[in-house]
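Across the two complexes that follow, chain A remains constant while its partner is chain B and subsequently chain C.
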Partner chain A sequence: MLTMQDVAASYRGLKALQGISLEVGRGEIVAVVGANGAGKSTLLKAIAGQVATEGTILFDGASLAGVPPHMIARRGVGLVPEGRKLFPRLTVEDNLRLGAYAKRGDPNRFAPLELVFQLFPRLAERLSQRAETLSGGEQQMLAIGRALMTQPRLLMLDEPSQGIMPKLVDDILAAVSRIRDLGVTVLLVEQRLVEALEIADRAYVLQTGRIVMQGAAKDIAADGAVRRAYLGM
Partner chain B sequence: MPVAEILQVAAGGLLMGLIYALVAAGLSLIFGLMDVVNFAHGELMMLAMYAVFAIWQLTGADPLLLLPVVAVLLFGLGMAIYRGLIARALSVQFNRGMVQIFVTFGLAIFIRGAAQFVWGGEFRSVTGHWLADRSLNLGGVFLPLPQVAASLVCLAAFAGLLMVSRTEFGKALEATREDRDAVALIGIDRDRIFAMGWGLGAGAVGIAGVMLAGFYYVGPNVGASFAVIAYVTVALGGFGSMLGALVAGVLIGEVEAFTAALWEPSLKQVGVFAVYLLVLTFRPRGLFGKM
Partner chain C sequence: MDNAILRRRKREVLGGVIVLAALALLPLPIKDVYTQNLIIITVLFAGLAQAWNILGGYCGQISLGHALYFGVGGYVSTLLYLKAGLPPSLGLFAAFGVSGLLALPVGWPCFRLSGHYYAIATVVVGEIGYLLFLNWDFVGGATGVFIPFHGESWAQLQFKTAKLPYHYLVLAFAAATWLTAFLLEGSRWGFAWRAVKDDVTAARSLGVNIFSSKMAAAALSGGFTGMGGAIYAQYVGYIDPDSVLAGHFSILIALPAVLGGVSTLWGPLIGAAVLMPASELSRSYLGGSGRGVDLMLYGGLIVIVALARPQGLVSLFGRKDDHARIA
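Our next item is the complex of A and B:
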């Protein structure tokens, strides 16, 4: 579904990614793990068209080079960004409905709302609240919900566990698992290695902008050397 | 000052203030959406006034009938200015703030020069239309009909803007204003939203210009004097706030009217700028400003 070949990217004048080759197959959960500053966020931004890249990025066989970010989203690449980037003064409902804005004219465009409320019943209780009044965990749920409203085929999540209560982390990751079960392919960037590798099928380890290891998630999780050498654990 | 005279001055201030409010609303909308101050805002109003004048001179059509035509023309012009100039100015790598100031300022000077070239420097006026020289007598308070019509149309335009803000497009506009990068994540083309914002802003000031042409002189510099008041209005109301523009516009209209009545007509702007200084000193974010 997603293929990256020898991709390089600079972010704020620094080489943030080099020689990245990566594959995400339909229906997989692929995790990208690595220490802070390894380039994990830049990797997702590169796919979403938010940073300039060299090399090849193919989504469903079509190149994403030079495609503006909003068109990449419309092609079916959803990104739940770092820091969530909600619309703070708009209500929960408006945030969700705007996810379907680009599909105006499609009578069924609000259909994913039902799925979002199944995954995150709390959102249904807070529809008329402003997004800025939600807790960190609820904001993360809303960010995922908003991305689901665009009906993505590939959902990318940037550190969904960041800034939320530990007991909610498992809930969020369980929801990610369910989203995959519903047919959405997932590319997950996480600093919480153990939890991310638990739900992932395969994983890539990123260090200073390069992929230093890849394989089945359970193998990487079991490899003590990897954890010490690349993840500082 | 007798009560009748106070009422008369207050009514005059209100009628003018509603026009100021709509001019400011257009400016505030664009600023709130994308942090660009449109220094050519007054010139857009001036163009709308000349459009009325030129079509009236050519066809004898009543200014009120020209309202939808000129509003649509200005909407298109606003979008064209965004696409042709502003989008390019915003794409520069260095000194973006300066570039956007000079681009809109340069545009203002260009439009002013072009108007002078086409229509000359003298004052023109649209006369003999349906409402001209008629007025309403409300228990001794004397209301010229062209100004009554202008203020009613401005109020209606405000209601229109409010309705737009409740639509799905309005929400997308608000979302773009809150986070211009995040909207791309949900497939919204922010360039399109920005262009629509410029269209709406120019359309609003165009409507004000059309109605103003019914009773005010038309000249190459008419926009500049209204623009200065619009900046004060936006600052007083709070940058980006529509309600703020409405309240502040009426306030400014009243301050101006009462300064002229109590002191000296030629000094009416002293009151306006005194208010401006007070706002900047004591409440820099304005009455309804969010930041």
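Our next item is the complex of A and C:
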């Protein structure tokens, strides 16, 4: 579904990613793990078209080079950005409806709401609250729900565990698992190695902008060297 | 869920009708020309500030160059009348069109910048417009243009001494901007603009085209500002670059919205209702007592409001829940 070949990304000349080759197959959960500053977020931004890249990025066989970010989103790449990036003064409902922005004229554009409420019943209870009044965990649920409203075929999540209580981390990752079971391919970026590898099929380990290891998630989880060398555990 | 929003929308429509009725009746008992004039200017600037609010408030792009649209609107309707005989009542709409379209080539380079840099760029563009008109003979250059009086008529929008027709003209203008803002609040565009204002990255990830959203907001905002400029030109009967294109008009247009509360329906009107009389009264009572004393008072008022009510005067009214929607 997603193929990256020898992709490099830089911020004003500062190389953040180099020689990235990565594959995400339909229906997989692929985790990208690594320490702070390894380039995990940049990787997602590169796919979403939000940083300048070199190399090849193919989504469903079509190149994403030169496609503006909003058109990449419309092709079916959903992004749950780092730090959630909700619209704080809009209500939960309006945040979700904005997710359907690109589906103008589609009578079924609000259909994913049902799915979102199934995954996160709490959002249904808080529809008319402003997003900024939600707890951290609820905000993350809303950010995921908003991305699901775009009806993505590939859902990318950037550190969904950031800033929320440990118990909710499991809930949210369980929801990510269910989202995949519903047919959405998932690319998950996480610092929390153990939890991420539990739900992922395959994983890539990123260090200072390069992929240093890849394989089945359970193999990487079992590899003591990975933990010590790259993840400080 | 929907009901709470629907109820709020209904309340706002009701409020709009009541305020419109009140403003329609307000000048009837007033015979004093000075006060009539003050009310007209206040309502006009409420409309202009709401027009600014579309871009500066809802879409979050702080423009400090709106004098350009205001002035160009005034020149468009005036010159079409003088050189082509188009009645100003139609010229208003031409002014809307030209100023709205003008916002596109202005936005094209300026929206490549964001935040403070965008604001600075708009100041520069406004200044360029002022200098161009100042040195352009076809539009009267520094001497400006007079609008000759051809008898009272709604088509020409000319009334010898009567102020009431102008009052209803500016009121219709302000009501149109209010209605536009009201419709925007519930529309796809309005949501996209608030998303652009809150978080560009998130808006993009939902498929919102940032650049064209800003352009659309700028065109609508510029168009209404141009229409306001045309009405102003008709009202005062004489325009020159200093009276419609000077940089301080950009500030005057933005201030009521900022002071009253940006991205709100009522902020611009409340801001204008406070600022325009304050400016007028301080000028008439203190203007002669030394240079700039009136401006000090005026500036002091703005500082006080900014410190005590950073969300704007509108936050004094309304329920707690509504406050945080501002800014």
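Criterion: the second predicted complex is superposed on the first by the 231 of 233 C-alpha atoms of A that agree within 3 Å, B and C clash if a C-alpha of one lies under 4 Å from a C-alpha of the other, contacts with A are read in each partner's own complex, and residues count from 1 in each chain.
In this section, a residue touches a chain if its C-beta (ideal position, glycine included) is under 8 Å from a C-beta of that chain, and two chains touch if they have at least 3 such contacts.
Since the model is a prediction, treat every value here as computed from it, not as a measurement.
Engineer: Have a look at chain B and chain C on chain A after the superposition and call it: clash or fit.
Structural biologist: Clash: chain B and chain C overlap once superposed on chain A.
Engineer: So, A:Val212: does it touch chain B (first), chain C (second), both, or neither?
Structural biologist: neither
Engineer: Quick check for you: in the superposed arrangement, does A:Pro69 touch first (chain B), second (chain C), both or neither?
Structural biologist: So A:Pro69 meets both chain B and chain C here.
Engineer: Which holds for A:Leu127: it touches chain B only (first), chain C only (second), both, or neither?
Structural biologist: In the superposition, A:Leu127 touches chain C alone.
Engineer: For chain A, which residues belong to both interfaces, chain B and chain C?
Structural biologist: Common interface on chain A, chain B vs chain C: 48, 50, 68-71, 73-74, 78-79, 81, 85-90, 94, 97-99, 101-102, 104, 146-147, 149-150.
Engineer: In the complex, go through chain A and note every residue touching chain C.
Structural biologist: 48, 50, 68-71, 73-74, 78-79, 81, 85-91, 93-94, 97-99, 101-102, 104, 127-128, 130, 132, 146-147, 149-150
Engineer: Quick check: in the complex, which residue numbers of chain A touch chain B?
Structural biologist: 48-50, 68-71, 73-74, 78-79, 81, 85-90, 94, 97-99, 101-104, 146-147, 149-150
Engineer: Where on chain C does chain A make contact in their complex?
Structural biologist: Chain C residues touching chain A: 1-2, 4-5, 188, 191-192, 194-195, 198-199, 201-210, 324-325.
Engineer: Which residues of chain B touch chain A in the complex?
Structural biologist: 168, 171-172, 174-175, 178-179, 181-190
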